[in-house]
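Note that chain A is present in both complexes that follow, paired respectively with chain B and with chain C.
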Partner chain A sequence: MSDLQPQPQPSSSSSPPSSFTFPPEYHFPPFFTRQRNLTTHHAQLVKWSNLVLSYCRHHRILKLSMSGTSGFAMPSPNLTLPVVSSGGNSSSNNPGPYPPSLILGEVTAGSSVVEVDTSELFHNRKLNRRLALADIRSVIDFLRKDGRAEYVSTGKKEPSEGDLAWIYWRTPEEWAGLVEAWVDATGQRGSVLTVYELIEGDGTLGTEFHGLDQELLLKALNVLVKRGKAQIFGQEDSRGVKFF
Partner chain B sequence: MFLKHIDLTTALRPSYLPDEDLLFVQDNVGLYEGKYKLPNHQNGQIYLTSHRICYIDKAEPRKYSVALDLKDIERYEFYGGFLKSSPKITLFPKANKRPSAHPQPTSLSRISSHHGTASLGHQSDRQPVAPALQASPVSTATWCPRYIPPEIAQQIRADTGSPGPYLTSSGIGSSNLENPESVKISFRGGGEKTFYERLKSCMAQRKWLLQSAPPIPKPSRPGDAVNGTSNGTDLEARDKPKIGGIAGLERRGQAMRKNNEIMIGSAFEDLEALMASAKEIVALAEDFARQVKGASGGLSASENALLADSVSQLGLITTKDIVGSSSGTDSLYHSELARTLAEFLTDDQRGVLKKAGGIISLVDLWAMFNRARGGVELVSPADFEKAVNLFEKLNLPLRLRTFKSGVKVVQSKDRTDEATIQAILSWLQDLREFPPEKEVPWDWHRFGRGVTARDVAERFGWSIGVAEEELEMAEERGVVCREEGIEGLKFWINFIDTGEGKGYKDPAEQEHEIIKARLKEAGFI
Partner chain C sequence: MSRRGVGLAAFDRSRITSAQFASHGSSLRSANAAALQTQLEVFRSLLQQFAQQHGREIRSNPTFRAQFARMCAAIGVDPLASSGTGSGSGAGGGSLGGSVWSQLLGRTVNDFYFELAVRVVEVCSETRNENGGLIELRKVQERIMKGRPEGAGEITEDDILRAVGTLKPLGSAYSIIKVGSKSYIRSIPKELNTDQSAVLEAVQVLGYVSVSMLMVNLHWTRARAQTALEDLEGEGILWVDKQAEEEWEYWSPSFILENPDFAVGG
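Moving on to the complex of A and B:
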C-alpha cells in the first residue's frame, strides 16, 4: 500500500498535495454552459467561485488572468503548474530564485511572483469544454461581490476592463492579520522593516506571506495603517514600514 | 316514447348516429310540454340534426338531456312570439305508435288543456310506447302517445302547481302518465327562424328513411318498376312484372324521373354547402396549394390516411352557418367549435392526441383540424383560439397551456407538469444505468448523458417544438440543466444545483450566508 504514501515532494516538507483535485462538477459538461434558470445559475456561480478560490489557494495564485490562460502565483516550493515563460530554467519543481525573465516588470518589481499556466481551470481538456470569457467575468464579478476578488488596476484602463484580477483566497485584511501576528510573534513592534525585507528577507522565510506580491502586501499594510497599527514611508523602491 | 334520454360524447354533445348530420345549434332554449315548462329542461342547447332534435341541458347535461326523432313528428308549428313570450316551435308527435294490433287494457287519463279545446281519455300503460287514442287532431292541442318518467311527471305537477291540467286516474295502471299533446321549444336567445327553416327542409328530406334504403336504383336496369313508393326495400324485393308496350315505357320513364329527382336532390345539397363557403374555399385552396408545394413530402402517409379517415366522419361539422346567432356574439359558435375539437382530439378511433404523445401544439392542431374538415368551412385562427380558450369553461377534458415562450399547446386535462417532469427525469436516470453508445469523457455512471430536444421528442412521441418547451419547463423548475456545445443544446440532470440554489430568493441574504460558509471553509470562523 505504498501508494497511500504522499507523493515524494521535491524539496519542501510542509506542502499540500501537489496536484489539485477538481470537484466533481468540473467533469460535468453542463457546468461550462451558462445556466438560464436563475436558481441553477446562482448555484453554478457558487460552485465556480468556490473552485476558483480553492484552485488559486492551492497554487497560491494571487492574480488570475481573465482570459483564463495564466495566473501569477507566489513562488512556492511545491509549484506544480508549468511556468508560462520559456526562460532557461523551466523546471517547475525547482524552488528558489527565478530567472529575471519570469519576474514581472513594473507591477511586481522586486518580488519573485511567477506567471503560471492556469488554462486548465476554465478549460477541461478531457471534456473539451471551456467556460466562455463572459462567463468567467461573471464568476469574477460574483467573487467581487463577496470581496473575494478585485480587478487589477493598470492605471490606464478602467479597472473592469483589465484582464487581470486579484483572487483573494486571503483578503488584504487577512494578509494584514498574518503580518501583524508575525510582527507580534517575533517581537518587532516598534521596529522598522523594509517592504523588501518582509517579502524576500530571511526573517519571513516560512511565513505565509513570504514571497507575496508587493502590491498586495502594500494593500495589506495599508489596512494596518488605517487601523493605526503601522506607518509606511519612503519612496517607490525603498519603502519602509513601522509597526506600532 | 317521444322524448328519449340520449347518450353524450366526452364533449357533452349528442353522439350522432351513422349518417346523421348536424344542421343547427341554438343555445338558451327551454322545453315545454303542452303549455307547461318541463322542469330541468329550461336552459340548454338545441341540436337539430338530420335525424333528431336533441336538447342538451346546460346544468346537468348527462341527466336531463333528451332527444326526439324527427320521424316521430307529425307536424310542427311556428309561433313568432308576442311581447314577453319567446318565439316557440311546437312539435306534434305522430300517433303512429298506437298499438293498433294489440289493444290493451287501458287506463283513462283525463287531461284538459288550457285552450279548453279538448279533454279526452286515452289509453296508456307502463310500456314505454303508450297506447293512446288520438281523439281530436283538429284542435290546436293534439293528443299523442307519450311516456313520461314518473319522477318527471311528479316534477311537472309540483312545478306547475296549476290545477287540473295533468290529472291522473290513479286507480288503474298506477304509473300511467299523461301523453303530451306537443313539445314546444322556446327560443329565448333567438335563432327560431333558422331552426324552423332547417327543420322544414329536414322534414322534407326525410333523411332517416335513407338509413335503410338501398343505393339509388340504376336506371339502366330495365323493368325496374316503381310503384309510386319510396320504400326501396320494396323495390328490391318486388317481383318485376314484365310490362310491355306504352305502359311499360311510361313506367320506365317514371322510374328514371324518380331516380333523377333523387340524384339531383342530393347533388344540390352538396352544392348548397359548397356555395356557402365558396369564397373561402377558393382563397384557402390557393393558400394550401402554395403550402403543399412549399413543403411537399412533409406529410407522412399515415398522417394523410388519418386525415382522410377524419374527413369521412362528418361529425366534425361545426360551422358558423349551423349555429344560431345568440344575441350577436359568436360565443355559441366558439363553444360548439371547442366541443368539436374536444371530440376530434379525444376520439379513440382517431387518437389524434394520443398519437401526438398527449400534447399537440396549437398550430399543428389548427392545421390538422382544418385539413380534417376537408377544406370546407375552415376555421380562422382567431375563432380557433377563442374556442380553445373555452376548454376549461366548458369543462372539457382538455386544457390549453401556454409555455413561457408563448407557444400554446393543447393537452389532456390530467397531464400535469409534474408528471412530465417525472417522465423526463426517470428517463435521464435510466441513462445512468445503461452505457452510452460511444465512449464519453465523463463519468456517465455519475452524470448520465445529455439529451437533445430531438431525443426527447423521439422518446415521448412529442413534436420537437413541444419537446423543447417541456425541457425548458423542466429547466425552469431546476430539474434539468443545459449544455450548449458543438452538438447543440443538450439537457442533463441538474447536478449543478445541489442545494446551493435552494431558497435562492433574496440575493443579499443568500450572499451573506455564502460568505459565512466560505469564511468557515477558509477557517476564519
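Moving on to the complex of A and C:
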C-alpha cells in the first residue's frame, strides 16, 4: 500500500501515514451494494459515513472529488491511493474526463483531494467490489445532514450538485475552536496575524491546523468572526486576522 | 360404631367424630409444616452459605457457574426465578418481595445474569438495524467479551442463554432460536417459516447463498428460492450483493468478520 508521500512539507502534528485499518464491513461484499431494505440501508449509511470520516481523518483528506464520472472504468493498476497533494501531479497520471487543472484549481496548500473514482476507499480490489457513484453521493448527503460534509461551491453550479465535497472529520466550528484555543494559549488576543502565518508560520508548528487548507481555515476564522471573536481584513492573498 | 344409629345421639356422634378427624388433621398438618419449615431453614442457610462462600467463583468461573446452575436445576430450584411465580414460593413470595432465591443466594447469582441480560439487550438493539433483529449467539458473546474490562472473567454461551431466560418475565420479545447447528437471539418477535430457516442454515456454510444454490441443493423451484431470499432480505436479515459475478448473492451480516480470510478470490 502506498503512502501519501511525497508531500512537500508534511504537517508537523500528523503522524506519518501508517496504513489505515479498514473496518470489518469493508470486507463484506454486500456493503458495496445499496441495500433495498430501508432499515438495512440506514445501517449501511451509518457504517459508510463512519468509514469515510475515519479514512479521511487518517489520511488528512479534506475533499472528495466526484468529477470522474467514468463509472466502473478500472483505474490504473499501480495507483492504490491517488492523492492530489499541494504539489500533486498524480491527477495528470490519471486521465479523467476533466482536465487536471479543474481538480487542481480547487486545491490550495496542504489540502488533499481524493478522487472517489479511483480511491481504495470506495473500491475494495480484493473483493472486486465498488460503491457506485450514486451511492457515494447518498453517503455524502447523509454526512451533509450531519454537518459532516458540504459541497464546494464553484460558482458555476448549485452547491448541492457539486462534484467536490468537503469532508468535515473536523467541522469549521471545531477548527475554529482549535485556533481559538491556540490564540488563548499563546496569549495573542488583540494581536494581528496573517492567514499565511497561521498556516505556514513557525508559531503554529505542532498545532493541528498548521498546513491546513487556506479555504478551510478561512471558514473556521469566519466562524470566529460571526462569534465576534475575530475580524478578517485585507485582500485575497494577504489576508490578516485580528483576534479579540 | 353401630350399624344403624338410632335416635338423635347418632348425629352428635358423627359430628364429634368428624371434629376429631379435623383436629387430628390440623395437628398433623402443622407438625408437617413445622418439619418442612425447619428443613427449609436448614436448606436456606446452607444454600446461602454456599452462595456466599462461592459467590466470587460463581461470577468469575464459567465452569463453576454452569455446575451451580445445573445443581440448582437438579434439585428443582431456578436460581433465576425473578418473581413469586418461581417454584414453591407460593404464599411467601409476595410478602418477601422479589425472588425467594435471590434472597437465599444473596444477590450474587441473580445480579450476574441480570447485568449480562442488560448487555445482551444492548448488543441486540445496537445491531438490530444491520441484522433485522436476528443475531448469532456467538456474535453476542464476542461483543460482550470485547466490552468487558480485563480480567473480568469469561462469559460462556450457556451464561447468555440463561441471561436471555431472565428476560422472559418482562414479556419481552427476546428468544433463542436454533437454526442448523447455531443458536440465534431473536429480538424482534417474528417467526421464521421453514423455508426461511432452511435458507439461514444454508447461509451458515459460506456466508451467502444465491437462488441457484438453493435450487441445486434444496431442489427448490426458482420462485420458491427467490421468495425465501427476498423475504429474508425484506426483513433485513440478509444483505444483497449485486456485484457478484454470476448472480445476486444474499449474505448474512454474521459474516461481517474482523478477519476476512473468506474474502480471498473473486
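By our rule, the second predicted complex is superposed on the first by the 177 of 244 C-alpha atoms of A that agree within 3 Å, B and C clash if a C-alpha of one lies under 4 Å from a C-alpha of the other, contacts with A are read in each partner's own complex, and residues count from 1 in each chain.
Here, contacts are C-beta pairs under 8 Å (C-beta built on N, C-alpha and C of every residue); 3 or more make two chains touch, one makes a residue touch a chain.
All of these numbers come straight from a predicted model, not from anything done at the bench.
Per the definitions stated earlier, placing chain B and chain C onto a shared chain A by superposition produces a clash between them. Of the two partner chains, neither chain B nor chain C is touched by A:Lys229.
Looking at the superposed arrangement, the partner reaching more residues of chain A, out of chain B and chain C, is B. Contact with chain B, but none with chain C, is seen for A:Trp169 once the two complexes are overlaid on the shared chain.
Of the two partner chains, neither chain B nor chain C is touched by A:His123. Of the two partner chains placed by the overlay, neither chain B nor chain C lies in contact with A:Arg137. In the superposition on chain A, A:Thr33 makes contact with both chain B and chain C. The residues of chain A shared by its contacts with chain B and with chain C are 24-25, 27-33, 35-37, 39-40, 42-44, 46-47, 126-129. Interface of chain A with chain C (complex): residues 24-25, 27-33, 35-37, 39-40, 42-44, 46-47, 126-130.
The touching residues of chain B, counted against chain A in their complex, run 441-443, 446-447, 450, 472, 475-476, 478, 481-485, 490, 492, 494-502, 504, 507, 510-511, 514-515, 518, 521-522, 524. Looking at the complex, you find that chain C touches chain A at residues 129-130, 132, 208, 233-236, 239-244, 249, 251, 253, 255-258, 260, 263-264, 266.
Note for the complex: chain A touches chain B at residues 24-25, 27-33, 35-44, 46-47, 50, 53, 126-129, 145-148, 169-170, 174.
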